[in-house]
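Structures follow.
Both complexes shown next keep subunit A, but they swap its partner, so subunit B is in the first and subunit C is in the second.
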Partner chain A sequence: MQKTSLYLLSGLLLLLVLLMLNISLGSVTIPLKDILASFFNAEVEKETWRYIILDYRLPKAITAVLVGSGLALSGLLMQTLFRNPLAGPYVLGLSSGASLGVAIVILGGAVFGGVFSTLFLSKFTLVIAASLGSVLVLLAVLATSFRVKDTMALLIIGLMFASLTSAVVSVLSYFSPSESLQKYIFWSFGSLGNLAWQEVFILAIFWLAGVIISIFCIKNLNALLLGEKYAKSLGTNLKQNRILVILATGLLAGSITAFAGPIAFIGLAVPHLVRQVITKSNHLVLFPAVALGGAILMLICDSIAQLPGSNLTLPINAITSLIGAPVVIWLLVRKKKLYF
Partner chain B sequence: MIKETEIKPILQAQELAIGYADKIVAEEISVEINAAELVAVIGINGSGKSTLLKTLTGNLDPLSGKVSIQQKSLKDIAVQELSELISIVLTETHFSQNLSVEELVALGRQPYTNWLGQLSSEDKKAVQQALELLEITDKSQRKCGSLSDGQLQKVFLARAIAQETPLIFLDEPTTHLDLYHKIFVLQLLKRLTRKTKKAIVFATHEINLALQLCDQIILVNQGKIIQKTPEELIKSNLLQELFPKDLVEFDAASKSFRVL
Partner chain C sequence: MKKIGFLFALILLFNCKEQPKNTSSKTSTHAKAETVEISYAEGFSITNFEDFKIVKVNSPWPKAEKEFTYVLAKKNVTLPDTLQFDQKVTIPIKKIVVTSTTHIPSLESLGQENTLIGFPHLDYISSEKTRALINNGKVEEIGENEHINTEVLLNLNPDVVIGFAVEGGNKTFETVNKSGIPVVYNGDWTETDPLGKAEWIKFFGAFYNQEQKAEEIFNEIEEEYLSAKKLAQQAENQPSVLAGSMYKDVWYLPYGNSWQAQFIKDAKANYLYAETTGNGSISTAFESVLDKAQNADFWIAPGSFTSYEQMQNASEHYQEFNAFQQQKIYSFAGVKGETGGVLYYELAPQRPDLVLKDLIKIFHPELLTNYETTFFKALE
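Entry: the complex of A and B
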């Protein structure tokens, strides 16, 4: 237990260091002294710097923390619920479900036009639609998982739902005006920036709701590590637990995808990376560890996306895939077998 | 001092009919299980052993009749309460191999832990006792994925012990084990019933061993379920009729089945 607290503490420190590093990186070079000054409301050499730090880089860094930790947690929830080490919000089609929700709002608004579009185009409806989309896909995957017990079949079903939703998105895009289409495509690249404080606030509320719900699932998730029959014999209310986990995952993955676009591999890879360090299976320990790990990895990915020393910013979705995919392959090859 | 006749059975089933909506598996069953008894459920493949166990553990509703545990009807017992009465050991292998032995055994304490599942000092003591009882304390930090089938069987048994229930049900605890370990596990179960006063019920295909080691046998055969002691069962003609007579026969003298 002491060793675990030590890991958590050093993880927290690393997170703070990366947070500072992330904020200091960007197309405009700002000295550390002025970064700190702008936090503490002291005098800054240029007022625009204060604006860049407080209203652009800080909300972006906080978004990265929320997105990373939220996706990693929903990955952990999925892996235990399905008792499948390869489950995750992206693999099981949750992100595609959220994409469909967003597409219906952005593209559908334009296609159906008029009253519809003004009714729909606020950020809040975007989040609701995305959350609904991921909950729907999750329910569908869950329904089929009762019939198909096979690990691989479940993943293939997730893939099928992903291609189903993307087909619907294609149809919608075909009829959409180029303006909305462009908007959707930029969204699908994924981006942590461009969020005003108000939007970060909405994301934080959804994140908090998801996290609180999943905290109530911790004990039941531990029981589920033995399988549903054992969990039931230990007094677990399986149905209620399933609903809570779905709700938590839908809120987390849905809201995150709505704001930051579909981001791959964080949910799948982080729980496994954390298991390399922390050997416990107790979700009470894994929860904070996975949340920290997700936040750390996301900050690293975002810092790389800044391409330090250049004016360019790469799409965040590309970076997480470039890092995440090799990590998963490496884990599979090295360990031969992944555990949930 | 309680007289022998006043001891009430832990589990009792009367006039029970089991099966599914479209198929009755067995009728007119009466079963009685007392504390500190080792009970084997035997029968050929597909005879309804698991249907019976599912019904007795509350995972399947009886078609008629009732099962009661400690004088209380099973259908009035909530899942939470039942977890303090019955613990199970399954043949299922799809569990997290990442769990350490100690963690897995500690999960048996869930009925007693708080909403976050944190272990109290009492819980930790129960876990340690269970580990000691099965002599696996030295393996407590090993990952379950690195254990042999026999060791794993002990770990799951320790988990059931840690759950501190008067009844333990096991589904074919000796499959995948060699003859020596089969006897080892069954001896262990017998010792546990004597030591902990728990009643242990298990389904098995090891009829020869069950006849030698168990206190009671529940025979499931062709829609009939009969409970007898091994001696009564051997004297009756029931075992002779268990299998088709072309390959194997029961020899009452040696109390075992023989290949023809």
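Entry: the complex of A and C
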């Protein structure tokens, strides 16, 4: 247990260091003295810099922490619920639902015209559309989860919902002009920037709600690791647990997708990465470790995506996979064993 | 199928390599060969012979590897056996299909809009003259540019299809070519000089035997443009200009060597990204734009925004710019046709004089006191 707390403590330290590093790096080179000055309301050489630090980089860094930890946690929840190492936050079709909502707003405006094109006025349009899409899919999955006994069947149903929605999206994209299509594709690349403080705050509330619900599931999740029958014999209410886990994942992954777009890979990979380091399967330990791991990986990826010193930025989705995939492969090959 | 296409392309490639030899021999036998004067456009040339014309398009899309040679001849004219070409078009044109809104103003100026029988995505067309034809059912919808409805197009059986392509190998156009309807690529959009784009009216003139008229129209536009440019030089100050807008946190703006940047320069203003060169648009991080252009005097063409409220809703960061606070943002996105097509996209390439005057009016209002802008309007 002591070794584990050491890991967690150093993880927390690393997170703080990376947070500072993430804020210091960007296209515009800002001296450390001015970065600190912006925080302490002191004289900054250029007022623009204070704005860049406090209103652009800081919300982006906090978004990265929320997104990384939230997705990693929901990945862990799904992997344990389905007892399947291939599961991730999006297996229930949440991101496909969000994509459909966004596609209807962006592409539907061009295809159907009229009301849709005027919807664009509000800044929360895309967020609301994505949330509605996720919630609808989530409700559909929940409804089926009452009827279906087998958890694996639920997994398949989630995949089917994903196929259905992506089919509708392809039909819409086929008829859309290139300009709208580009907008949609850019949304699907995911992005951590461009969130105002208000939006970060809303995201944080959803994140908190999701985390609190999942904390209630920890004991049941540990029981589930031994198999559904065993968990049942321990007195776990399987159905209730299933619904709580789905709800937590929906809140976490749904709100993240709504604000930042479908961020790939983190949710699937981070639980595996963490299990390679901390070989315990107790969720009481895994839980904070996975959240920390997700936040750390996301901060690293975002710092790289900003390509410090250059005027270019890369889509965050490309970076998460480019950095994450080789690390997972390397760890699996080195340890020769999948801890799950 | 792909192999055949490749073979086809290869044959075309060799044909075009042999081309110069043939034309030169042609030129020597035909005493009356004359080249039409093209002063600004770099993408095409026209050579008139006794009973036919040769139109060459050398940049149908950026980095095109081959030049396209089109022969324009009257019906029943026998062409010399040695003449090599990609497509033969019978002129004058009675029925035409064009594929870009930028082709519409040329047809109208030449008084030939009645020959238009098909167009992809009719709603994009804004011009009142052509819209009236569309409303009377004279112009057929043929789908979207990337997915043209081949059956409808073949059924229309036009004398020529003026196509445009962002890269080679458009399957639809190949099918149409095979059916005997010539497809001629128009590369007006690859020109970077404002007058170069406008000069493509001469290209359309050749198809209608209206070279004279095309030349007159172009000369008038050229004169207007050059005198406006001269007028702009009288301005005493040179304001700084920002362009483009963000999507998420990435800013998209035109390169310094682009068509748009040329206008800003000719209107005697300082485009802050004038030093950049490239194709397409620059994508750069929000913070570097803020650092560089926060104090820019003017901001033109901020994407599809038409009001300050819309911009603020899209991103709070926009408020940090001086041009936003001072309400010095001008956009062409608000001037639309009956069916929502943006007029600028359609007419601006053909009327660079109007674009330039718009910008002069914005940057140096004292120079054009009684002028009403055509495309650029202040944001609401």
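The definition used in the following text is that the second predicted complex is superposed on the first by the 250 of 340 C-alpha atoms of A that agree within 3 Å, B and C clash if a C-alpha of one lies under 4 Å from a C-alpha of the other, contacts with A are read in each partner's own complex, and residues count from 1 in each chain.
Keep in mind that, in the parts below, a residue touches a chain if its C-beta (ideal position, glycine included) is under 8 Å from a C-beta of that chain, and two chains touch if they have at least 3 such contacts.
Predicted, not measured: the structure shown is a model, and the values here were computed from it.
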item	value
Touching partner for A:R242 - first (subunit B), second (subunit C), both, neither	neither
Touching partner for A:R57 - first (subunit B), second (subunit C), both, neither	second
Contacts of A:T313 with subunit B and subunit C, given as first, second, both or neither	second
First, second, both or neither for A:T48, with subunit B first and subunit C second	second
Touching partner for A:S281 - first (subunit B), second (subunit C), both, neither	first
Partner chain(s) touched by A:L234 [first = subunit B, second = subunit C, both, neither]	first
First, second, both or neither for A:A223, with subunit B first and subunit C second	first
Touched partner set for A:P177, first subunit B, second subunit C, both or neither	second
Common interface positions of subunit A, toward subunit B and toward subunit C	none
Contacting residues of subunit A [partner subunit C, same complex]	26-28, 46, 48-49, 51-52, 55-57, 60, 113, 121-123, 174-175, 177-178, 183, 186-187, 191, 193-194, 196, 306, 311-313
Footprint of subunit A on subunit B - complex, ascending	57, 59, 79-84, 86-88, 90, 92, 94-100, 103-104, 107-108, 110-111, 113, 115-118, 143, 145, 163
Residues of subunit A that touch subunit B when the two form their complex	83, 216, 218-219, 222-223, 225-227, 229-230, 232-237, 275, 279-282, 284, 337, 339-340
For the subunit C and subunit A complex, residues of the former touching the latter	121, 144, 146-147, 246-250, 282-288, 290-291, 294, 310, 313-317, 320, 340
